[in-house]
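Let me begin by handing over the structure; questions about it come next.
Which chain is which? They are A, B, C and D, in the order written, and residues in each are numbered from 1.
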Amino acid sequence: MNQTRRQVMQIGAGAAALGVAASAGLMPSIAQAADAPGWNAQLFEAKSFADVAKIWGGTPTESTDVSIIGPDIAENGAVVPVGVKSNAAGTTALGIVVEKNPTSLVAQFNMTDVSIPNVATRIKMAQTSNVYAVAKVGDKLLFSKKEIKVTLGGCGG
Amino acid sequence: MAYPMRMRANIEGDAVVVRVLMTHPEETGLLKDKEGKIIPAHFIQTVTCKNNDKTVLTCDWGTAISKNPFLEFRFKGGKSGDKVTVSWIDNKGDTSTADTTVS
Amino acid sequence: MKKRFIGIAISAAATTSFYALTLGVGLTPTVAHADSYIDMLNQMGGNPAEFNVSAGEKLFKEKRGPNHKSLETCDFGLGPGVLKGAYAQLPRYFADTGKVQDVESRLVTCMETIQGFSKEQIEKDVLKDPFAKNGGNATDIVNLAAYVAHQSDGMPMEVPQNTPQEKLSFENGKKFFWYRAGPYNFSCATCHAENDKQIKISKLPNLSTPDGEKAWVAATWPAYPDSQGVVRTLEWRMNDCMRQQRIAEPKYLSQVVIDLETYMGVMAKGHKILTPSFKR
Amino acid sequence: MKRIALFSAMALSIGLMGCASNGGGMASAGEDGSTYMTKSFKEVIATSFQAKGSAGLDRLVQTEAQHECSKYDYLGKPLPKDIAARIEKDHYSKVVYPADGQYFGDWKAGLKIAEDGKGMTWNDKPGTPNGGNCINCHQMIPNNPSQGNLGPSLIGYGKTRGNSEQIVKYTWARIYDSTSFNACSQMPPLGASHALTQQQMKDIMALLFDPNSPVNK
């Protein structure tokens, strides 16, 4: 990306994000450079599932239509395989939320009319935590959760 | 800085399954280096996935995606020979794009 | 790199996926250990070390050194230029050097004989600092090894025991496996001689017998250990085990490491190679 | 300790003779007639290593116990009772008990030591305190999934054994040098090797015996 576009973005989305972060009294540590267009810094600064849900604008309801897979125990919190899936018709987005990470939202996947709401990735976990798979379905937020224990393996030496 | 990607797109049933491996340091901005200096945050923020010219999925990512990110996603309506393109933008404005043919 | 982007199991059936495998098999371990974590990563695929395989291939085919030649004519035991299946039979005895050699040792031989690098140059560029820092970029020799090893991916391990030298290498490897030393009294066997053992949460392979639990681990290297953040070879694994054994450092490509690799390779006989794989 | 002979055929032809009764270091080990310390194996050890950090080449030199245990493990045979008894007696006689007769420190400090797996490797800084490595191999703390099982579980150690002088001194000696009770023990001799200081050992003793320690909860 060339410098011009970078600068444009800096005074666009980036600056807006900085304002939000500053007004919330947060260190704008991840919003100081040029944020990518459409990237919602406020969402990624949220410190709990409840705060993330508030920004998404819905009350989370546990649902068997949404599923999450991941290991019961991760030997390394830096690399944890996680898959999330929704069987609910009209799912417009999927989210992965780690309650006890410094910031809770890990990823949001925005569906189109041809997307299948079924994605997998590798995430970082700071400590043992509930991990939420969240599906936006209309104005509803459906979720399921799984506790993934993070514990260091090996000799520790 | 070069950020190579590896991708595969396969038809599985009525879906195209795409698996993408990216290279990126995915620094959280919370870690310190050996000298005790904060390593600045450096991470992918948005990912756009297209089949031919149609967007099939977009992603917004925070700092908790693992180093060298992996993404598996699926979409309907793809066919053998279609071109799947994945591109990302990180918080420093760096980008990378890769494509593959559905098989 | 040719085929496997995703793990072992997935490539077997086109309709299977990360989900089908993991949800289908069920992921509730009865014993508290973390094997399912590694299994899931391997099933999911997308190993970052695939980039190292690509980097290794590029280096392998590049004309380098005073002779301006690639390594494409290097003989890994199955004839010059034959890579498929060669790693499955390493370490092995090479008549031209009169030594049992592992993949990295053989790469060094070819860098000398084919590419014309001097011993001094190799000492400086390869042997002095073969292991990348945690989270760093892998060295050339490790990228090359990852590439050569990957050409045997999916094939069974068949480390040969045909020559007296190969048999001696196995026997001395076995001896060292049981060799207690250092202030902590540790041998390899302290941790790796019984089934169902773990250090903290990590399952330990039993390498005292071919029937031991996970005695086939040699077939899973080179690998990408999450705790390392960079691709590693079996040479590195031996080095880091000896560090934790609290003994002195084995030199890179030293006899003791090659003998242990021979021993472990024989323990893994017949086991399908998965490289690069994930590790803790 | 259960060990399985790898290829029993290989071990069969080996003629065993008496062993050097003192020292038992590398230099003399090959002359004992066993096929363990052969010339070629000794050469492998002599040529393969380099000193690094605090880990010098002397760390490859075996004690008598190390040599005998390695050899019999390799042969897939139990260590003869007389050799075992001699080694155990010798090691037991060298156990150093606390001069002040005080065996217990702070269990909270002990817990940190028990969880710490560092120490005495070539990249540990000499002079920094070593860890005890305890939970690498022993279950000690209820409901912590990340504890090893190479050694026996120590959960409820003090609660089930009481704190008689006999059990306290035995436990101290076990930590100091486990070889005193089992010639081929797998447990590092944490006192004899100077991995742990007396104070650190006392802290671990408190962790094992204190009724308020998580071990006994």
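Everything that follows uses one rule, which is that a contact is a pair of C-beta atoms (placed from the backbone, for glycine too) under 8 Å apart; a residue touches a chain by one contact, two chains touch by 3 or more.
Predicted model only: the values in this text are computed from it and were never measured.
K.L.:
Any idea whether B-C or A-D has more C-beta pairs in contact?
P.N.:
Per the contact counts, B-C leads.
K.L.:
Quick check for you: compute each chain's CA centroid and the global CA centroid, then name the chain with the smallest gap between them.
P.N.:
Central chain is C.
K.L.:
Could you grab the centroid distance between subunit C and subunit D? Build each centroid from C-alpha atoms only and quote it in angstrom.
P.N.:
Using C-alpha averages as centres, the distance is 30 Å.
K.L.:
Just curious, how far off is subunit D from subunit B if you go by their C-alpha centres, in Å?
P.N.:
Measuring from centre to centre gives 49 Å for this pair.
K.L.:
Check each residue of subunit C and list the ones that touch at least two other chains.
P.N.:
As it turns out, subunit C has residues touching two or more other chains at 18, 32, 44, 46, 199-201, 229, 244.
K.L.:
Indicate the residues of subunit A shared as contacts by at least two other chains.
P.N.:
Touching at least two other chains: 73, 78-80, 83, 118, 120, 122, 151-157.
K.L.:
Send over the residues of subunit B in touch with two or more other chains.
P.N.:
67, 70, 72
K.L.:
Write out all the pairs of touching chains, ordered by chain label.
P.N.:
Result for touching pairs of chains: A-B, A-C, A-D, B-C, C-D.
K.L.:
How about subunit B: which of its residues touch subunit A in the complex?
P.N.:
Touching subunit A: residues 15, 26, 28-30, 41, 43, 45-46, 51, 54-67, 69-78, 89-95 of subunit B.
K.L.:
Hey, which residues of subunit A end up touching subunit D in the complex?
P.N.:
Result: residues 73, 149, 151-157 of subunit A touch subunit D.
K.L.:
For subunit C, which residues are in contact with subunit A within the complex?
P.N.:
Interface residues on subunit C, with respect to subunit A: 18-19, 22-23, 27-29, 32-34, 36-38, 40-41, 44, 46, 199-202, 226-227, 229, 244, 280.
K.L.:
How about subunit C: which of its residues touch subunit B in the complex?
P.N.:
5-6, 14-15, 17-18, 44-48, 50-51, 54, 135, 229
K.L.:
Under the touch definition given earlier, write down the residues of subunit D that touch subunit C in their complex.
P.N.:
Spelled out, the residues of subunit D in touch with subunit C are 2-4, 6, 10, 36, 40-41, 43-45, 47-52, 55-57, 59-62, 65-67, 69-71, 73-74, 120-123, 135-137, 145-150, 179, 185-189, 193-195.
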